[in-house]
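Written out below as structure tokens is the structure these notes cover.
Chain nomenclature is as follows: A, B, C and D, assigned in order of appearance, with residue numbering initiated at 1 for each chain independently.
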Amino acid sequence: MTQTPALLAPERARQLAAEYGLKPDEYDRVLAILGRAPSLCELGIFSVMWSEHCSYKSSRVWLKELPTKAPWVIQGPGENAGVIDIGDGLAAVFKMESHNHPSFIEPYQGAATGVGGILRDVFTMGARPIANLNALRFGMPDAPRMKQVIDGVVRGIGGYGNCVGVPTVGGEVNFHPRYNGNPLVNAMTVGIARADRIFTAAASGVGNPVVYVGSKTGRDGIHGATMASTEFTADSEEKRPTVQIGDPFTEKLLIEACLELMATDAIVAIQDMGAAGLTSSSVEMAGKGGMGIELELDRVPQRETGMTAYEMMLSESQERMLMILKPGREHVAEAIFTKWELDFAVIGHLTDTGRIVLKHKGRLEADIELAPLESEAPLYRRPTAETPRQAVLDAAAIADPVGPEAALLTLVGSLDLCSRRWIWDQYDSMVGGQTARRPGAADAAIVRIEESRRALAMTTDCTPRYCLADPEEGGKQAVAEAWRNITATGGLPLAITDNMNFGNPEKPEIMGQFAAAVRGMAAACIALDFPVVSGNVSLYNETEGRGILPTPAIGGVGVLDDVAQAVGLGLKPGLDLVLVGET
Amino acid sequence: MRAGIVLFPGTNRERDMALALQRVTGHRPEMLWHRDTALPAGTDLVVLPGGFSYGDYLRCGAMAAQSPIMQAIKAFADQGGHVLGVCNGFQMLTEAGLLPGALLRNATLRFLSMDCRMRVERTDTPYTNRFQRGQVFRSTMAHGDGNYFADDATLERLEGEGLVALRYATPAGEATAAANRNGSARNIAGILSPNLRVLGLMPHPENQVDPEIDGTDGLPLFESLAATLATAAA
Amino acid sequence: MKVLVTVMPKAGVLDPQGKAIGHALAGLGFAGVGEVRAGKVIELEVAETDAAAAKQAAEAMARKLLANTVIESFRVEIA
Amino acid sequence: MKVLVTVMPKAGVLDPQGKAIGHALAGLGFAGVGEVRAGKVIELEVAETDAAAAKQAAEAMARKLLANTVIESFRVEIA
């Protein structure tokens, strides 16, 4: 075994770094941390860990303004999902996540794998998923490809959720031309765990085995830039980066197997392999625990032949998890994963070096100190420009050209308000036998917790055109609407997750929208005692060089002490209608 | 009643079914594993629950129908045992040859998750004796492949022998095309074996057993079973 | 050796998928398309080196699992 | 004339269906089965009488509708 991996030639390395999205000064930091040129595999690790997606480098300074604490918050942002105490020793675990870009490339699989990813974030923490929701923004139906995108996304969400047997109980849909080339697919999962049995990602215990479970690793989703790399000589068709395909069947087995293993005391830490799968999971687990980690990549279950270390570390193959087990518990875990017909492999162990060391085919492929990989990660306070205030309209000065009846008909028939039945008619909202209010039946969906009187009320909300006009008010409004929707069902609103979908953060007006939306959300969260416990940021959503509408989607969760308190929408004859609040 | 619910890889409505059975019997049924080669002694009801066994890959229920436990279930049915297959379970029963015909892709080519209504065609069976003859009850369906197909000779035989248990119908009890969302032959929602002890149906009456969740329209089916099997055991 | 098992809906069995495809093709302006049938093909890599034996084995797999002969017919080819 | 369009998942693209079928065949005791890939076949009855023209038309249909070329490849044969 050599002491340093095969290094890239300096010029080549700098050129590849740029192709992988690292800015020149970011690459200089890579050189400073390593004290030498990187290997291809190391460069891949830096580029994904320091990508906007993994590092939140443009958004982190703003997200810090969101309130994240309350007596009932068990776990705020920073883990795979947020956790709140809902009484009776139970916890609700939830998060929302975007899969915008993949859903435009391949709508069915993009949306399906989005659902798969968010489910894993939740059951990783020890929770059984009990509900899925979504927040969708499409372009106009007559825009090129948009009908196929809409159809594919809806089928994909249903195809995955129905198969894993988690009811899809709510969501929202908007249409606007600014999403024509960049639809938004945000998926939310809510799970239930015992409050004293929450699993996290922080690794501990020198020598403890690192275990890989789930599906095999293929070349799925490895970023396109690698195609240009001269490292690869085989025919291009074979090496093409491929779209990730979801396998909800395997995910279902993974849920059952993980929950079965979690009922034992074998697990030290667990993390799903999301974007940049093996890289982010191993780096984060070791990093959070202040440990080192050493992996033997030959032991990674592989679907294809001839995979390189770089490819394995960057693969986005779905339905995979990484775990740290207590010493000697491998056989317990292996028996469970074998029973569920899933791959199981011990691929490495924890060390006390504080470094990630990767070996493949008897060669050292990467050796990076973990602390600076995180502490030196780029962090930007990008310039912001305030959205100009618009003059307030004088309602009295606006003529009514059509009369209330025609106006009502136009509204009811409009894309944003017409019935969504054709969507939820494709989603199994009843599986589990606990759905007390399905889509269309109440302002928030209501799902009872098995073997309990309690129920959760859940909703997703955002009105992007408000956010465009005034991002701060729009951010406030989205949080307030989620709160109202929960209240209206008889639930006590407890906490939110969010999905911040915005355009290019390098444009001051976009960063200004982002900052203002966060400010508004924070104000509403504080006023309503409705903290943020998890979330996701999706930037660079551009359509024809123009940003999408600023879309801070909010996923709200509340609790009902007794499902019998649930209130729905259906009016019954003889009741009085009461209007509350100023009109 | 001693009931067993079979778990296949990908099954997902086993807990719904367990709750429904618990409601009528007061105790939890046993979960059985697809690799088992024998049923627990004293079993008098086997349920093949809904879900996506083997991901619905190839054909719904096809791989599950080849599972080790299916041999034991066939033998159990041959000896007069009661077998209930719901949704994916119905698909398994046809794939395993325990019931005739097949479930094709829905005529709409879409997954259908919605309310449906079924007319009870006969009430002298272990599954329907607590319904009124011709009674229409509401249930939910959630399937992509529920379009019942059999050749004409088979359909004639089923009709002639009175083995059609449930038909999709309007609230007024008419078996119209509009009430038949998945396109099933002759609006068939559920069929029986000649000895009336094997029932396969596509909708999910196990989701309509609780007034706090979605009403109790499906409860008579389970009450019928409980009554039948309580008498049988006595 | 590679074996292809092609599984088609039997004549007389409803083929909603084939019908929908035919409809969509007409909608896209493809003229002169008559009946459309949609089936499956399963490509098997087998260790067997004798073509006749491989074909026989694949037929057994089709009868047992790959096709449902109530609604489908199949044919086996060596690729 | 009859035209067959065979649509398969592209090399390297995960094929969960093929994987499950392979697994099931092994479970049923069929030995020596390696990789299994599952695809679709669409049988078109076309009015066109010139084979080359029919093939060309079917290729256009495959690109436009029958195959999703992001994840699938196709081939066209005259039956």
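Going forward, a contact is a pair of C-beta atoms (placed from the backbone, for glycine too) under 8 Å apart; a residue touches a chain by one contact, two chains touch by 3 or more.
Here the structure is a predicted model, which means the values were calculated and not measured.
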A-D versus B-D: which has more C-beta pairs touching?
-> A-D
Per the C-alpha centroid definition, the whole-Å distance linking chain A and chain C comes out as 39
Between chain B and chain D, what's the gap in Å when you average each chain's C-alpha atoms?
-> 34
Indicate the whole-number Å distance between the mean C-alpha point of chain A and the mean C-alpha point of chain D.
-> 34
Computed distance of Cα centres, chain C from chain B, in Å | 29
So which bits of chain C are touching at least two other chains?
-> 40, 64-66
Would you mind listing the residues of chain A that make contact with two or more other chains?
-> 247, 249-250, 341
Overlap residues in chain B, where contacts from two or more other chains coincide = 54-55, 57-58, 63, 66
Every touching pair of chains is listed here as A-B, A-D, B-C, B-D, C-D
The answer for chain D against chain A in the complex is residues 9-16, 19-20, 23, 68, 70-71
Enumerate the contact residues on chain C facing chain D in the complex.
-> 6, 8, 18, 21, 24-25, 28, 30-48, 57, 60-61, 64-66
Per the touch rule above, chain B residues touching chain D in the complex are 54-55, 57-58, 63, 66
In the complex, the residues of chain B that touch chain C are 58-59, 62-63, 66, 94-95, 100-102, 104-107, 109, 147, 149-151, 183
Show which residues of chain A lie in contact with chain B when the two form their complex.
-> 155, 158-159, 162-165, 247-250, 252-253, 340-341, 424-436, 448, 450, 563-564
